[in-house]
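Shared chain: chain A. Partners: chain B in the first complex, chain C in the second.
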Partner chain A sequence: MTGSLLFQSLVLGILLGGLYALLAAGLTLYFGVMRVVMIAHAAFLVLAAYLAWDVHDRFGIDPLLSLVVTVPLFFLAGVGFQRLLIARLRPATVTMMSVLLTFAVALLIEGMLGFVYSGTQRRVQLSYSAASIEVFGAQVAVVKLIAFGLAALSLLALYLLLTRSRFGQALRATIQHPQAARLIGIDTDKVAGYGFGLGLATAAVGGAALSLDSTIYPSLHWHWIGPLMAIIVVGGLGSIPGAAIAAMVLGIGQSLLQLPLGTTWAQTVFYLALFATLLVRPQGFFGGRLAQRF
Partner chain B sequence: MRNVFERRASSWVALVVGAAALLSFPLWSPNPYILSAGIVVLSYAVLSTSWNFVGGFTGYMSLGHASWFGLGAYGTGLLITRAGVPSFLALGLAGVIVAVLAVPIGIAALRVRGASFVIVSIALVLVLLLVFQSWRDFTGGSDGLVVPRPFPDLLPPRAPHGVLLPVRRAAGPRAAGWWTIDRSRFGLGLKAIREDEDKAQSLGVPTFAYKLVAFVVSATFTALGGGLYALWFGDLDPIFQFSILIGSYMVLMALLGGVRHLFGPVLGALVVGVAIEYFKVSYGDTQFHLVATGLLLAAVVLFMPDGVIPAVAGLLGRLRPQQSSIREVTAAELLEQNRTAADRPDSTDSTDSTNGADRAEVRR
Partner chain C sequence: MPPLPARGLDRTLRKRLRKALTPVACVSPRRGGDPPDDARTALRLGCLAGVSALVLTACSGGAAGGGDPSEPITIGISLPLTGDFSEPGKGVQRGYEAWAAAVNSSGGLLGRQVELRILDDQSNADRVVADYESLIAQDQVDLVFGPFSTRLVVPSARVASEYGMLFVEPAGAAAEVFEQGFDNLFYAAPAIANDHYDHLAEAIIAMPEGQRPTTAAYAAMDDPFAQGTAYGLKEKLEAAGIRTVVDEVYPPNTTDFSSIAAQIADSRADIIVGGTQYQDAVNLIVALQQLAYQPKLAAFSTAPTNPEFSAAIGSRTDGIVSPTGYTPERPTRPTSSSCSATPPTTAPRPPRTRRTPTPRARSSRPPCRPSGVPSRVSASSG
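Moving on, here comes the complex of A and B:
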């Protein structure tokens, strides 16, 4: 195993980790505002990827332009999902029942995708699909760089929104202590709805990035939701920085392990990390005051 | 008092009629297809009841029980094909192996509650799917594993009597186990965990040990169900054995029927299993059954999270005449009832039913 191969894997791992970080941040948002584990997150991701593919296939537009439509659409869908479905569940059992509800939504989306687009594997072919550039001796595909850039930009935007705006403050207050947030006059229901919308918007961005460089099929979302859920548990449920760091570490780990073990076995790194975390530190490695009770 | 006896008697009658219908099913099933579909539905009932040992008693909803199902099926299959163990001995051994495996996994998984537990259960299925697909030399990978059937001439059309034997054998211990736990101190502790784990712990219930025992029992029963599946169908593939969908069927059936009742999962399995078979026949190999499962699960979660049995019981409670025992009525309600009775000595059904409705409201 040469050094340049190792370096190449490291770069690819960082690029993959960026996408994981964005999606895991979305999952953490849902959990933060509503204590909901959104199993349908990856299904929405695949749905967005299919929409990007469809736009490209039908009108010949660059899949990235589908973001103009999908991001607002997913944001609204997220707000609606929270207000119309999650809010209906009994508060005492909301964590458990919402897992089942979002699981049902994931099945629904997978089934509908199979119904509408059939189970055939799809891939977007672009003029720059095969292009790659050299970074310090490592060959990196342009589409992967674009995907990473998109993820990093969205993550930065999310970070600024959460730390610099009044809405971000309200959202973080809702995550920290909903009751206290209500007492100081924050409309937590509304904020929780917007939090959900933001989470789904990350899935829309991730979907466009995903459609650039991977083959998509309806049941793909199971390959994403497993690692993503492992990431948010390892990072500590409810902690966005924790999720981002865990995503980076595990993404790089997966990419490096692919060299000696091959792609399939390398995936198990997420689950091993998950079980190790549970044994050593069940509340996760960063923050995660909430984790053990939920 | 009479009503209690009546109700108990009627539930016994229902039980006996149901059991008789179940046991004589091969005799009256109209054609081989219905018979084999019936066996599938029955094995769903067995699996879902096994799930309910942990989901129903402790409230820890595992979406990943397919991992135990798959481990049981593959354990049985591998013991038969690789080690040459006789079929039913292999089934028992696989059950023991899974029970041993479930202890460390349970210790890890039960350290967290609620959502994290669900995540862990799903992760378990996904990792087992990966392992069984990649470990091609041992498990056969995606090519599948063919298990020799122990009943060579027991094809459904020819030998209707022996067919259900394994399923019957599987159903018995589960029902007995449930009945025993439900009435024991152990079961009381488990239910306390379901209602409020912190309070249960502070009252001295050894919550972790109780949860672990329930978890291992449930895993073992599920694995035995999986082993029977392997023996009966004789063809295993990781993608079907370690399928999230199977785990979600178990949850859906138990929830639909009602997790707090022994027969809840059975009832759920009848409804959902028949629906699944129907969808498979009418829509073939499309993705439609996913959509249907998703819609049904969402509807159950949103509209009757306690299941059909409590929902129907609540409806019947409104129609039922006066309650039997004063212990179920508060002093204020009793006073109200006495006053109504005094006002109208010829107590009619209509007033009774309104009383029943009030009481149902109060109790909820």
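Moving on, here comes the complex of A and C:
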């Protein structure tokens, strides 16, 4: 194993970690705001990827342009999903029942994708699919770089929104203590709905990024939801910075472990990290006040 | 040979069938006039299906039967029309349909029209079992033909064997298909997976010392056929002293090939061998291109034989080799004088801009082999 291979794998790990970070941020947001375990997050991700592929396939438009439509659409769908379905679950059992509910939604989306687009694997074919630029001896694929940039920008936007805006303050207050937030006059129901919409919007961005450089098929979301769930537990449920850091660490870990272990076994890094976290620090390694409530 | 009931066919009919089937012409898709892709694949697979039928007639010995000559012979087939194997699966479907059309236009089998009943098993081994059970038990088809690829052939052959049906399959090439003890299974292509690259191995080994590649990288899907092709070649090349520098296996649904590609690129292997089906080959090739890795030769199983391949890879299919086959009875090979002195795979060729799927048409040309010697490579097997 050479140094350049290590460096190349590190670069690939960082690029992969960026996408994980964006998606895990959305997933942890649902949990933070609503204590909802959103199994369907990755299904929405794949749905967005399919829409991006479809737009490209049908009209020859760059898949990234699909974001103009999918991001607002997913945001609205998220608000509607929360207000119409999640809000109707009994607060005492919302975490458990949300698993069932969102599992059903995931199956519904998967089945619908299979019905409309068939189970055939799809891949967006772009003129710059194979292009790459050299950075300190490592080859960085342009599509991966775009996906990473998109993820980083969205994360930054999410971060600024949460820390700098009044809505962000209200959202964070809702995450920290819903009752107290209501006492000071925050409409937590509305905020929770918007929070859910934001989470789904990250799936829309992630989907477009995914479609640039990955094969998609209807059941692909099962390959994503496991690692993403592990990431948000390791990072501390409800903590967006925690999710981002854990995503980066585990993404790089997976990429580097593929060298000695191979593709099949490197996937286990997420679950080993999950077991270790639950044994050593069940509330997660970063942030994670919330996990203690279980 | 134990008697195998081919429902609906009695003995005399079967004799006539044997005669009737001989004219199914098998034309090599690789020569003369370059028919369009679809037609080419259809022809090639049609040949396979034709061969299947030949084997079938040769083997169905006297058993009880019957059948109304005015009714069509229904043939039940389950194919992976969606899912992992959808591209090669659709190719086999075109082949079966081409065969049925050819047979029906020349009077049918035993004077009866052939009717195909094709189900989609979604590349799923559970589904394929259910499909063949319903074809045999509910639809009462007269014959069953096989699906695509070992992973689906083994479970479906078991169903056919349980029902005592003859099972002719065009594309289950891994050695394990033949190690299950099936006495009803007939493989309609010329070689098992491990022998698919025999001619390529011979060609590489026959190269002069200075030109011969010294290192090779292997990446194979965790799939009996895909691994069979890659490891068959690996064994031969290793025995000839060509060093293995990367040997990776990945799960069937892998979508991210960047890490495997990084290892291959870093090894600077002279040649890359992919034990692939379809999408995995496309993904691996794109990932290798992203790393600006240029091997002297790239050999991938199955994927390059699909018409979709060149659209997915773009114009860069040159130098990609894939094993394909043809019927030995047909003198499709040029005589030895027209073989190139140096196999086409020795040196990297300058990139060309043609967008046609050249790989199997040109690069897979086995080097100098006397005409008339049966090829041990086979088409689109799995």
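A few points about this structure:
By definition in this document, the second predicted complex is superposed on the first by the 292 of 294 C-alpha atoms of A that agree within 3 Å, B and C clash if a C-alpha of one lies under 4 Å from a C-alpha of the other, contacts with A are read in each partner's own complex, and residues count from 1 in each chain.
Everything that follows uses one rule, which is that a residue touches a chain if its C-beta (ideal position, glycine included) is under 8 Å from a C-beta of that chain, and two chains touch if they have at least 3 such contacts.
From a predicted model like this one, the values you see are computed outputs, not experimental measurements.
Applying the stated clash criterion after superposition on chain A shows that chain B and chain C can sit side by side.
In the superposed model, A:120 lies in contact with chain C only, and not with chain B.
Across the overlaid pair of complexes, the angle with its corner at the CA centre of chain A and arms to chain B and chain C is 80°, in steps of 10. By the touch criterion defined above, A:110 lies against chain B but remains apart from chain C after alignment on the C-alpha atoms of chain A. By the document's definition of touching, neither partner reaches A:172: not chain B, not chain C. In the superposition on chain A, A:182 makes contact with neither chain B nor chain C.
Using the contact criterion defined above for the overlaid structures, shared-chain residue A:264 touches chain B and also reaches chain C. In the superposed three-chain model, the partner touching more residues of chain A is B, compared with the other of chain B and chain C. By the touch criterion defined above, A:190 reaches neither chain B nor chain C. In the superposition on chain A, contact of A:83 is made with neither chain B nor chain C.
In the superposed pair of complexes, A:12 makes contact with chain C only, with no contact to chain B. Superposing the two structures on chain A brings chain B to within 5 Å of chain C, judged by their nearest Cα atoms.
Residues 114, 119, 262, 264 of chain A touch chain B in one complex and chain C in the other. Per the touch definition, chain B reaches chain A in the complex via residues 59, 61, 63, 107-109, 111-116, 118-120, 122-124, 126-127, 130-131, 133-134, 244-245, 248, 251, 255, 286-298, 301-302, 305. Within the complex, the chain A residues that touch chain B are 31, 35-37, 39, 85, 88-90, 93, 95-97, 99-101, 103-108, 110-115, 119, 218, 222, 225-226, 229-230, 232-233, 237, 262, 264-265, 267-268, 270-271, 274-275, 278-279, 282, 291-294. If you check the complex, the residues on chain A that touch chain C are 2, 4-5, 8-9, 12, 16, 114, 118-121, 123, 125, 129-132, 134, 139, 141, 143-144, 214-217, 220, 223, 255, 258-259, 262-264, 266. Chain contact summary for the complex, chain C toward chain A: residues 81-84, 86-87, 122-123, 222, 248-251, 253-256, 258-260, 262-263, 265-266, 278-279, 282-283, 286-287, 289-292, 311-312, 314, 316.
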